[in-house]
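The two complexes that follow have chain A in common; it is paired with chain B in the first and with chain C in the second.
Showing the complex of A and B:
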């Protein structure tokens, strides 16, 4: 399987002998030993440090279908270099739009997303309930809210239910985490360590979904649950919704409870908390491990990684849109 | 599939071989590469390699392993290149 490369060190990436050459640069501007990366083994690049590159490199990356994702100093996702679409399908585009325009059809898909998300959230809580945390109150509350999804008559109503589920879910975080408190969700900027991790993790999940959509015929700008806005790939937000509890939240519980990420990995300021480089690396390492973990798929009867599950989700959605098989969201079954 | 590739090639052709292998696998030592590669990509690499080699003089050996986990790697002395994906 192709690998994702994470660039933290500042340096210069260039095309050399039809492959990638990376020269790290240290604080005083001295160049380190160059490192060659096999182009055939790269799936995408995540760019956290400052990267020097020229258009020749981007042409080369584009030809090889490698996208580059950029993040600013405050670890916000700022954008991607997205190579030319290589799986074009007019029919899919038209159908995707048609499903968006019809309020009834759109609501069907949107509900599935929320159902999938709430199911996976409940599964997370049950896991910790079985490990001696007292989460009965949250389980009941979210169960009740999840029952209302079916009755939602429009998208804003559905988003409201989704918001309430998340709010109660985040309340449960304080019982799951041993030494850290969440104290409610705060973003832009996050106000404590847990919130900083949630923001960072969600953004990683969103980027992952975007990347997987790229390898299908779906158009990432036409979404169902979220409003398709300007300048953003909202379908990635829809799909991320289902996978956030499984990929991001589980990883957060792990890194904090196992002390893989500690308070010293955060830069704590008066009104904002951001992850230091050490924290980002530790989180990404755990996240990457999770993505490459495989499970035996029940219907496909073979081992698939968590990363591949995201792509399978896109396939299921395309089948729904093309009227081949109705979409059922991914529900964790183990 | 996880492979280790080693070659012993005439001085005049060795540079070409290095450049070719860099596209597919990670360099770990002079004339030694390793990495994850698919069946098809390996065939592609080998057919390109044959074009460079003089088969009567040069040699190229590939050690195949189904998965990286069936391989223990020990480094004694200097590790010339670690294969981390964090740069």
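Showing the complex of A and C:
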């Protein structure tokens, strides 16, 4: 089973025969003991610390289809080393574009994304409602908004509904979280701890979706809900909508309520709050645990991980685009 | 259209897989079973790469060809879809003949099962292969992907997750 490697420590990554070799370097420039990682076990690399590498390494990673994602000190996603597309399928590309160009066809898919997202959001709220939180107001409000999705006549209208759902949902965060307040969504920069976690988590989810899309024939820049290819791999944003409530928000509730991430894990400044390395590590640990959790899939009749659900979403979308079966978004059923 | 041995083999396993494969929707990279088969093919006979030649023409690639005895060696993991394997090597024999190499034969090898099977060119095979080629072209040119046919081999297929992924909305 291939694994994601998160690199927090600065150091040098190189190719040693057919293995990856990582030499950590400490603050005074001293080299530590090298660590060897067999290439077969690597699915991708996430670089949070500074990484020293040469083109021989990237050639090697590229040949093995391994992406490297980079993040700056402020935990922003800055870009990826995205190896050459190895799954080109002209037919899929053309159909994917055709579904985008037709306003009616595009809207059908976009609505499915918002429906899936709002269903999973409601599921989160119901879970906490059953655990004694008073969320009736939010459930009702979001239910009402979700009912409007079907009637949206264009993408901006749909985006508006989606925005209102998110806004109401974030209002409920203050009732779910025990010791932290969200006080509305703030980004670029996040103004409190919860917002810092939401930004970081959403970015992790986006990157995960991008990775899964890479290993399918879908083109990550041709999207349906979001505008295509505008600075981002926008299809990853589309698919992330469905999984953010399940993967990111649930992890945030867990790490904060269980105190796995605490105020000391944030760097709190006057006009921004960012996660410290300890906070990132704690969040990623919980996030990874979530990704590797398995469920018995209802149509596949076998156990699959949450991470694999993202790839299955890509398959279902591919089938819709190839006119094999209409796309239904993943809705958490337990 | 360029027809490879894989097309012929898939014609005899699953038309849906053939259509998807031919349209670039490939899944082999996701499968541990495929990786295992590849490993068996590459490592079962250590000396082979030196002794035999790799042949490629008309879009067909034969991994091990014994030039002296004119024998194609095709290594497979199991004989679950033996019919497909036979069709595939017969297609190779056809391509060889078309390129002036007559009277070649083939051996299907299943090292894990310690079995081998000889395949020879027989009377009527030419018509058979031509009908395979027609069938492949016809399926590939279909506008829509052939519908799902549930088979016992589905579970081991690298397209399983693709074909069976769905939402149970009953």
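Here are a few things to note about the model shown:
The rule we apply is simple: the second predicted complex is superposed on the first by the 331 of 334 C-alpha atoms of A that agree within 3 Å, B and C clash if a C-alpha of one lies under 4 Å from a C-alpha of the other, contacts with A are read in each partner's own complex, and residues count from 1 in each chain.
Here, a residue touches a chain if its C-beta (ideal position, glycine included) is under 8 Å from a C-beta of that chain, and two chains touch if they have at least 3 such contacts.
Please read all numbers here as calculations on a predicted model, not as lab measurements.
By the document's definition of touching, of the two partners only chain B reaches A:18; chain C does not.
When both complexes are overlaid on chain A, the residue A:194 reaches neither chain B nor chain C. Legend: residue contacts after superposition of the two complexes on their common chain; A:281 is shown touching chain B, with no touch to chain C. When both complexes are overlaid on chain A, the residue A:300 reaches chain C alone and has no touch with chain B.
In the superposition on chain A, A:89 makes contact with chain C only, while chain B stays out of contact range. Once the two complexes are laid over each other on the shared chain, residue contacts for A:41 go to chain B alone; chain C is not touched. Residue contacts after overlaying the shared chain place A:8 against chain B, while chain C stays out of touching range. Residue ranges on chain B touching chain A, taken from their complex, read 19, 22-27, 35-37, 41, 81, 85-87. Per the touch definition, chain C reaches chain A in the complex via residues 23-26, 29-30, 144-145, 160-162, 164-169.
Remark: chain A residues 1, 3-9, 11, 17-19, 22, 24, 35-41, 281, 284-285, 288 touch chain B in the complex.
Considering their complex, residues 65, 86-92, 215, 217, 298-301, 308, 311-312, 315-316, 318-319, 322-325, 328-331, 333 of chain A touch chain C.
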